[in-house]
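The following block contains the structure, expressed as structure tokens.
We just call them A, B, C, D, E and F in the order they show up, numbering each chain from 1.
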Amino acid sequence: MTFSRPSGRLPEQMREVGLLRNYTRHAEGSVLVSFGHTRVLCTATVENKVPGFLRGKGEGWVTAEYGMLPRSTHTRSDREASRGKQGGRTLEIQRLIGRTLRACVDRAALGERTITLDCDVLQADGGTRTAAITGAYVALVDAVNWLKSRNDIKRDPIHGAVAAVSVGIYRGVPVLDLDYAEDSDCDTDMNLVMNDGGGFIELQGTAEGHAFRRDELDALLALGEKGIGELFAAQRAALAG
Amino acid sequence: MTFSRPSGRLPEQMREVGLLRNYTRHAEGSVLVSFGHTRVLCTATVENKVPGFLRGKGEGWVTAEYGMLPRSTHTRSDREASRGKQGGRTLEIQRLIGRTLRACVDRAALGERTITLDCDVLQADGGTRTAAITGAYVALVDAVNWLKSRNDIKRDPIHGAVAAVSVGIYRGVPVLDLDYAEDSDCDTDMNLVMNDGGGFIELQGTAEGHAFRRDELDALLALGEKGIGELFAAQRAALAG
Amino acid sequence: MTFSRPSGRLPEQMREVGLLRNYTRHAEGSVLVSFGHTRVLCTATVENKVPGFLRGKGEGWVTAEYGMLPRSTHTRSDREASRGKQGGRTLEIQRLIGRTLRACVDRAALGERTITLDCDVLQADGGTRTAAITGAYVALVDAVNWLKSRNDIKRDPIHGAVAAVSVGIYRGVPVLDLDYAEDSDCDTDMNLVMNDGGGFIELQGTAEGHAFRRDELDALLALGEKGIGELFAAQRAALAG
Amino acid sequence: MTFSRPSGRLPEQMREVGLLRNYTRHAEGSVLVSFGHTRVLCTATVENKVPGFLRGKGEGWVTAEYGMLPRSTHTRSDREASRGKQGGRTLEIQRLIGRTLRACVDRAALGERTITLDCDVLQADGGTRTAAITGAYVALVDAVNWLKSRNDIKRDPIHGAVAAVSVGIYRGVPVLDLDYAEDSDCDTDMNLVMNDGGGFIELQGTAEGHAFRRDELDALLALGEKGIGELFAAQRAALAG
Amino acid sequence: MTFSRPSGRLPEQMREVGLLRNYTRHAEGSVLVSFGHTRVLCTATVENKVPGFLRGKGEGWVTAEYGMLPRSTHTRSDREASRGKQGGRTLEIQRLIGRTLRACVDRAALGERTITLDCDVLQADGGTRTAAITGAYVALVDAVNWLKSRNDIKRDPIHGAVAAVSVGIYRGVPVLDLDYAEDSDCDTDMNLVMNDGGGFIELQGTAEGHAFRRDELDALLALGEKGIGELFAAQRAALAG
Amino acid sequence: MTFSRPSGRLPEQMREVGLLRNYTRHAEGSVLVSFGHTRVLCTATVENKVPGFLRGKGEGWVTAEYGMLPRSTHTRSDREASRGKQGGRTLEIQRLIGRTLRACVDRAALGERTITLDCDVLQADGGTRTAAITGAYVALVDAVNWLKSRNDIKRDPIHGAVAAVSVGIYRGVPVLDLDYAEDSDCDTDMNLVMNDGGGFIELQGTAEGHAFRRDELDALLALGEKGIGELFAAQRAALAG
């Protein structure tokens, strides 16, 4: 019996990636990112204020919020605004997005401004957090370019690029960029966030079934590096477009 | 001096209307409705359960939830899920959407099912509630057709169509389908919901500036009836597509 | 068969209206309004502060809060303070009360003050929101008179009077001032808020059963204007008392 | 210098007490209790259900909820429903009311029913909790009489009467039934709840200023017993009326 | 048949009392208090700020918060942080702790500082609130000594000591310092808070079964005074240690 | 200049580890775990119920809740119960604890029971989540042993052991088991959860400063494996005790 992925992809094959800029009109940056059927709207908002703990320090802030539309998923989820609180998974993901994007920002060069990245999932098919990070980076760059075009900032606060991808062990085989069918039936699921200097910004691996061994980890890291390389190319192409 | 609308439209001219079906994959009905730059994603979800007060009565339920993405607007609004509650305006609008769509549904024919209409504003430029009602009707029909295609229901629970439009008095002139520039600077704002038999389902008029007179009301109703006629045509075209 | 209302009233007959001033001691205005068995305590509180968005602009604010005592109704409702949030109906009504009373206030003449109108339903029998608006107007005038008696304001910020009534189609007949028995069994329910110059401030009509036709709307508006005329007389009499 | 109370009352003199039954129409018991200017509306609601921990045990439950209208006080307090939670003082008082009234109820004789006592302060001038307990007792008896009149219960579940009063040390002198002027300026404040057999149900004394001595405690208890005797007489008179 | 307490103690016998200072490292005062198996961690935190109503008045504040670890009890209770609110019992107890400790503090001598006493129950066996008050007093003294050692305050803001104990009527016999087995099966439960001048700071007695008579009250007060005397000795010994 | 850790430890040296069983009386498992000055109370509660999504499936559940006492930290943090919600960090950690302990449990062998692990930080000095996992494992085993001693379960549901440790890059040097001084000033922070078969259950690495390279990751993994080996020995010793 030969191995096959539900989508027919090769183990090292990513889904088609889209990065559509200026998807909505009002935000300083607005990108619809798609990883296959997963579609996330990432907007970047610039505001001339910072959280209390930064006031008067001459530094800026970058933060993120994440949400899923109730019927972005196979079955409808409760609307978090209606339940009256954000769930643990939501908080975890939005903390991750904010933390990893701050890793490529010189907050002193940004000045006393906050850039908020809203990542809202319109359609979910696995990998919403990695798509969100990859798309939010592009929205962040657009918002910074908007600031530069107005001469609001002097130095470019962005150093390097940030992208993210998931890898996992599906039916014993390490695969790249899990979709929902794989994600809900895999042994190990890992999210990688890297910068374009080849450094790791965040690494989160979870054994859903059996604990994973060191050689499996190594294979996953190699796959992830390959996929993130393709994402950096896609980001550059989108920003050049 | 001659009167002109910010958009250059004639007083009785609606914005371009779009009703894009199957906009997302998972929902039983999914419509992206646009009234000019206003864009609302309306999904219809079918679930085999009803609220407690209807259990065991053989009747179904139709309800709605409404939300705006934080940066769908000119300046960013707080995310309601993060603030921990839905605001009064949100609750008011989602109650309106649910109530007016129930007006065209035979709940006994629907059987013990709930159809939830999620109306999420991707981009706001005035008239989000009227666009939501108009689009949610199409999503509702698609969800009912899905039930019929599975032979889950015998009789068609939908009787007649429902659409909505806003009218208002802008700089002294009654105009149809207010956009944001007009909405934030008008004397009177009225939302009309009608069925395709020419009956009124809901009428909500508010004097923002001076109180409006009876003759102004009559002019607004005439404009609204005209606009809703065009919306019924757009709905029919979309559903025939 | 002849038509009759549950209360025996004629279609164009309002319930007995009471406007009892100085019902409680501490508030700057305090009115117990009754429309038949519906009794609402309306208090007006003056505070020398304004919401954040008005600070430093030299303008005042008028706002309202609404609540029902848990057993003001036929069966007990949950206490909203105990459930931890105000329901959608409550928010909708208190927004309506605040908005319509602001329509008769010159906020610059009021100065940087807030007048809060608390409308608490002691006993409910239909029409609590229209009674609340009608009674809160009197409490508002008393609070303004209190400010004038202290020479805190120079110009009278109140221009014109505001009152509200409900109308509806009960068993096919347009009737004025619905009580609970009618309200829970009518086809169309409309709330009218007008000023004493004959202008409409707010118009909210809802088809509960069949959609209403234009001639029905016209009949309802005529009934409502008649009822509101009587309410203005009652307000004047109370304020003269 | 001679001692005098702000109200001119003698130290052992209660304020005028009113117990107005059938104050509102819908509740099974409805009493407006007044201790001088303090006015509390106490309604009793009977429901054929019990909390989860009592289900199937053949016993009933008696519970209470307490609230103050925002402008029942000298300056306006936030509406708890709007703030989204009941404060500590509110919870403390409603727990006290429920607990002390359960002390006179045979819950087996009540059967699987809940009687909820809603105590809402319309006007506050000190002593709202003691007025609430005293008035809620009468509302409770009325609700039980309603059950008896329908033959829903066989045995009378009420044994004995319950009433409450405050006592305190004001400017060095023990006084009965503190009003707001005294309450906000006294050294010791004590609430007594007793039954008509002369037993103590609850005793809560707090030193606001200097700690109180045993002889002061004895004087306070004597004053309290006197006042509660008068309240039992008022309750009997009201119930006989 | 002779009377015996579940623990074998004599009616007038307290449980073993422990007051372990410096139980944790970070707080300015940290005391593990034990009354038998009841163990409460009391920490005192000094902060250079006061609540809004005290700002600029040159006075300090002392406040308390109380919590039970979910499995400090025989069966697990919900975590209040997870339920999203503190229960009525919690609020009642933390208000009691704060109020009674403020009774021994000269807030002007404290200066514009807040001392927060966190009382967290690690293990519950009855009497957690009286243990908390008794232990929090020692933590408060340690925090004040820390301020004195830094020369932050000139005068000692503590006047006198405060301690608390419960008394009750168990199977007809007045007993001192109820443990859980007694507390859950007693007729009357009373908490006494006193200062070391012999004055009462707070007295809270509740009849759980039959109402208690005056002679029973007198016996309980005598027992309580005895127990509190022992607690003052234990506090002095701990502070001398 | 030579490298030194704030604590004087060698890079590969863990803090002293303590695992004190039966720390409190009521819980089925109760362990005070200490990693140096970090002290976490881990209790295991067994309840004969499962969450809704597992009802009737014959499987059990293991879950965790995490909290920090307000003054477990250097400066006082808000009490989450008082703020009304658990923060994102708290939710993230308790999800991690529950998920990683489920990795060593055969839920079918557990039967329809829930074991809840409450991890409450009494004193924090870095590494609270890794200490919590390591200690909660021992509490879990004690709870399972309690079930076995009562013959409530037939097969042992625990397969293998689970422990966790942090590693990080502090001033350029990979170090094991970061304390607070290191944690707040390190470039990379990684938490490792492993089983005693040498498999990874969870891996979470975050670059706080510069992104980490692959060789740094390898060094961190080696250090972590060493530390976790020592933790397994400590767990075995404690359980044998």
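One rule holds in what follows: a residue touches a chain if its C-beta (ideal position, glycine included) is under 8 Å from a C-beta of that chain, and two chains touch if they have at least 3 such contacts.
Predicted, not measured: the structure shown is a model, and the values here were computed from it.
Common partners of subunit A and subunit F, by the touch rule above, are absent. Which listed pair repeats D-E comes down to matching contact pairs by residue number; over half match for A-F among E-F, A-F or A-B. Here the spacing of subunit C and subunit D, counted between their Cα centres, is 33 Å. Per-chain CA centroids place subunit B at a distance of 28 Å from subunit C.
Here the CA centre of subunit B is 59 Å from the CA centre of subunit E.
Multi-chain contact residues of subunit B (touching two or more other chains) are listed as 84-85.
Interface of subunit F with subunit E (complex): residues 24-27, 30, 37, 39, 41, 43, 45, 47, 65, 67, 69-74, 76, 79-82, 84-86, 90, 116, 118, 120, 122-124. Of all residues in subunit B, only 85, 87-89, 91-92, 94-95, 99, 103, 190, 194-195, 197-207, 210-214, 217, 221 touch subunit C in the complex they form.
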